[in-house]
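Labels A, B, C, D, E, F, G and H are assigned to the chains in the order they are written; within every chain, residues are numbered from 1.
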């Protein structure tokens, strides 16, 4: 693509100044694919990390996106902040548990085959699990939820294991000792994205215990994202899901 | 499958004792799929974690596997131990850098489409990167290596970015500050498995610095495995690669 | 028990579908013994971890339990939350110090022999010690309290050592430097469950100091539970106490 | 007992000087019960922590014990040191895996009812598991071993769960992510002593990962001893086992 | 003293029951010297650690002490709590900076020779330094204050060094990098008690930085107490000061 | 200078008492250069660290400075406290983002050549970046801001790299994984002062992740200041900038 | 420069393919300035980090550099490895203390004005201090050494303070409590690069204590590099020194 | 003293140049008191920290000291190094346990009243305890040793408590859980210097567990030195002992 552009310069189809600007903004250099796939592919949401942003900032960014007909997902939004935003932008749907705001501006969805399994160990892990679920759904992916199936009552996991196995990948959310991904990892053959949560107390250290457990898992096929990062867990699963919905991309 | 078995018991095709044994070993309960896919699918290697095992133990396990015509990969084998093993089992190929032993007993390979990109930041990350590469190759997957492209000389990365983008996934290996996955994550749109290494000194803390960097990456689409876990990084990539080589598994 | 069930299927006494359901819920597989002993044995309490649950959730769960005539213990309940719950369910007794709610729905008690000793080092460890005491009492076990007997005034411990020795086990609660279990461990011959508390300041690190002290104790016969986990400490002691009240279980 | 002694002083049966010496050595004050039960009850071993002691020191201590006809257990003895000791004291049996020396000088055993279950997750946890097993056996307790049943292949655990359940307690040894006690804790109803091991690499931090997992277990009935402390795990189990073999001690 | 008491029993001057009680409370056994010196020596204060105690508790304890004519020092008292206490016990003097309450019920003072130097590095260390100063003064010791003489402006220290040198000991309070004790340690020849404070931000970690600095000091003659433990720093200095005021105690 | 003063004493131009006072205050000994350059060189601001100081204290210190016609910068001032101060001293300008108060009392500025580049990775790093910017500006140095150019969208950095290169030094502010200084360090040839911020969540540990990344950077020419220390970052840059504005100082 | 190149393409002076290659390698894009200044400016050394590289690798890299007439500095070379290298490349000078190899292939030096001060606290910090010194000297900068002037004997520092003040910057190397930079920072007005060393024991934690001290310094004008990173400390100082030797670079 | 010197300059008894030199070396400024008391007071040893110094360096330093008739103590000397040194300087006495070399060149001793108590918890703490003992003895102070009296067998402590109480201070050495100082602190009324040791394993973390225990002690009158710092513990005790041997110093 770069050579093509340079050829145009040689041919006089593109002025050096124009080419420089393109290179500078990397629009055509191929460096900007991320931006590209975020902004250009219809049906994919823009995601705004809401924590630390004021309501007014979120409203401004959202308005800019609405003009491009993007779907919009805002994560880490408190009830209070959400209320303020929804008053201005009533098309947003707020979900209390996952603390997400979602707005659908486009129906184009392509990831229709299969589903992602989202598991969590205890009811207190729900906010993180639901952040993951809402994220995947915002990308147009079907989610199946398997909640409250911690390893201390392992029969609860077994009752659902067949359905979990059929997913394209699993996002496994767990706090406290964080052992669920290890057990699931021994029972399924697709990739597992493990999400430690800060749920627990004492020597849990705000999720470090679960994080270390997951990094040290003796099961293969498990990779880990940051503590409480439900969005990140789902984002990785969606990337894998897209591969499952595509032939090999060129 | 469980109902089917119980039906056979009802029909008298299976004795209760036989059914019990099957349930006990979980061969047919569906719980044992992992074992199943490891042992039954030809062409897939058994992987032996060599660290902490004596040469004689590795030889014994390998001999058992050779009888099943499995490909065999042994990781974390020192030069000395390898020498001892190869003397007994001369079909093993030892690779000094990755510290792996490999033996090919089967040619059936199915993951022939596309390739995995393995990147590393510095030359000292080579042993971990090569453990990843040898692992993926043992699974029959083509690997393309992009080594010594750390962020302090970022033009080296850009020179290869197009080829990296075409991979089904990237395994990004980095020690010291571990920033490479973040930069790559902003430039590609496939899943990245980040592998922190214990390379560095001082406040590196045997890889913790790189691990934290990767967990905290501001780029999306990055998940992390344990420090120096080249095998784990590649295993996750192979799982994704298999999805890219299949239609959706049922 | 499994073979028996399968025999019934073979005999036609149980349909395959019925058997499958039983296996799925694990009621008869033997996996669910924990559930079994919790739910079926009269007089044993259900325990609800109150932290992070809303008053309405605790009320709902409690109502379901009340129908089964279970005793109920709720731990980690703030004054405010307790007030709200008691307004709806006036049979609950709230204890401010231990932050527990307790409701007696059954009188069947079997653990009547002997007592558990609960020791604490300082008055600030009282909430954790009392959580332990209330837990053991909810299980129908007699508790003897030995409070404020920290090692810096060791004669206070000696004044009670004979009575402590006669217990079936000791739950020893201590914050700050956490040295009490070590001293007690050298003076008694029954098992000691050590509970570190987050009481202290500065280099105490919310209980890590006490936790490490207990794990490193040079006295034998000491095992440790999580920081501030009074419930866990008592639960372990009750399990031992049950053994002391039974002949060997079959 | 104290009053009795003072009465004798009042009666002139005991001189003040004699009484003072007794108080000073605490032989009759009741403080010295630990020593008492260690030294006086036949059949119980003296245990020597071998690490950091020179062969000659171990030999000296052992000789003193042999004169009292005590059974002797020495833990943490390297092959080399063991060789040196056995040359002098050929009645010692050395066990390479558990690194223990054992000498039987007495046959009196009383803990003959039931057994302790010792579980370990992986083969690399064997040395710690065997230290636990040898310890329990030195105390005259039957041990049943359930090795290599880590959570990543959970069917292996289920194949043995009934036999594990019948033990008086379980010592559960696990390194890496240390999840095994949580799973076992959900399946049995006796006390579990969890022993984290330093087996693993990278973010395992010499056993901290497993230790935290165990302290944060969401299963009840689990208490924890220090990293690699197989002796401590078994010692706690033996104390519980003794209770199961006794009526309530007075 | 013990022998003497036993002699009295032998002589019939003391009944065995009386002797037992004395031994039980350790009044005469010599174990209770600490209690002894605290309670019996007039002029010495009782110290109450106010943190975590309610106003009513502090009032109750204080009243008990007032009857014995003890001086009373209460540390870690918030403004609010102090107000509540002073309303009930108007003889208490509250000091806002050091957060201490002080009540003088006795004039007997014996530590009149010399003084203790209390140094602090910055103005934010004042509350801890003043807790130390008020403590020493409550014990009747003269204090000289040398505040705001941190190492980044070392001439401020030099201006006072002669007066500091004449003290019986120094309590050196410092947060942030905590380097002041090292510098002072190289300039004086009396014992230095170093008190790290939690003053700072970022990589200060609530005083750990200063704590480590002080423990690692390359100057000799420095010992350290817990973070923010102004009381403890002064208590150690007072003990040394008492030695300086006495001939060698017998 | 010292010799000169002593010569004056010898000549009788200075009395021993006067000399002693001078030595004591170090005004002429050369030790007090810092004070000297702070107080005497017109146009340089006095900087007050506002955190932990009460409004009244800041007002008092400021008034003293105003009399000397110093420029004044107060850092870490909350909105509330600022309001209180500005009411008394209306010449102060408050900046909400950087939380700084600034007052210009002198126009003498000498650092007019060139500029300092201040970069930050994300919008949440703005408060720290602006604290740096306001600090440099208070010292009379031109600042150019390059904000929101994190490594996950590296083309944003490249668009500005030429202008960054022309600065005398860069202050690079980054939270989360903190990789920006490494990338910049590979692209420019002037000194980089890296400022980690506490922005992030989970395994970020209040800025430790970014701090470690920066300390371990594989790029040369990077030095680091404390977490969130925007002032410190700028102060170092100003010192370098002053060198660039001077010939070599004597 | 980019526009210029594109203009050449437009003019036909450069083929698109040639331009692409140039862009790919970034030789002319301006991105490669670091490489540029390293490779092109005569008299500047290439620096090889010797740790983890084998002698043969160092020899190969050195030979390539020798052909370009670069000066060469190799850091972290053990005596043994150095011997092996010098046998092949006898032009290398090995320095045992700093563990550096140095080879002069060019005399062009431009940084002739002024000097850098290198201070260290104790004699055990010498290897790191000398790594810094050799690095600066390899860049052609005069170094003045002020060794063994730790804060516990602060008069040793004062004896040299005037000469230190005249340097363009100071590299201050300290282990143990690492307080030296704070004291120096209060006495000089040029930038200080602080280098913590891993010298010490106990709670020193391989240099963390010194690192934290330096990051938390209450003196302004101090920035920090990684533990034991003498090279990095000097590199930063050289960058500042170059500014002092230049007029403002364009 | 300073004024006196200046007076001499004014009187012409001292030239300005001479005065300057004196000020520079601080001999008369009073800054050098530490050096002064070390070098000038006969009978006091010079102490050399032997770790990290080569035998030849220790020999050189010792020879210089021998000429001044100082007593010499060298700490942290391995057997091998000691052998080498003693061969050259046969007046040195080497003690294997404490790893100290000692040479007596002077008999003047003044600290003859009373003794220091050195306690240690276990036999593995002996090297640190003996380093403390040898240090105190080198300063001419009588030492009484109370070894192997850990809290798990507390009667061993009580047997010696009266003799411990009569000491001027106690140095209490303990590894593992480090609880001994807390218990002793409750029984004596003189200052306690606590020395944590790195003895232990697992969650002991090379002495951090013991260090934290000691810092968090609930007993008053305890201060702490660095891990394994037997020398430092004794040095503090000697300083206190000197006060006990003097009247108040002027």
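One rule holds for everything that comes next: a contact is a pair of C-beta atoms (placed from the backbone, for glycine too) under 8 Å apart; a residue touches a chain by one contact, two chains touch by 3 or more.
Treat the numbers as computed from the prediction; the structure is a model and nothing was measured.
Of the two chain pairs considered here, B-D and E-G, the higher C-beta contact count falls to E-G. With every chain reduced to the mean of its CA atoms, the largest distance from chain C is reached by G. With centres taken as mean Cα positions, chain E sits 43 Å from chain D.
A straight line joining the Cα centres of chain C and chain D is 24 Å long. Per-chain CA centroids place chain A at a distance of 56 Å from chain E. In chain F, the residues that touch at least two other chains are 31, 34, 152-154, 158, 186-187, 202-204, 208, 211, 215-216, 220, 226-227. For chain G in complex with chain B, the residues that touch the partner chain are 24-26, 29, 31-32, 34-35, 51-53, 196, 198, 207-208, 211, 226-229.
Within the complex, the chain D residues that touch chain B are 123-124, 153-155, 158-159, 199, 201-204.
Those residues of chain D whose C-beta lies close enough to touch chain A in the complex are 121-122, 150-154, 176-179, 182-183, 185-187, 200, 202-205, 208-210, 212-220.
Residue ranges on chain E touching chain H, taken from their complex, read 30-31, 33-34, 37, 47, 113-114, 158, 161-162, 165-166, 168, 186-191, 193, 211, 215-216, 220-227, 231-232, 235-236, 239-240, 243-246, 248-250. Against chain A, the residues of chain G that register as touching in their complex are 2-3, 6-7, 9-10, 12, 15-17, 19-20, 23.
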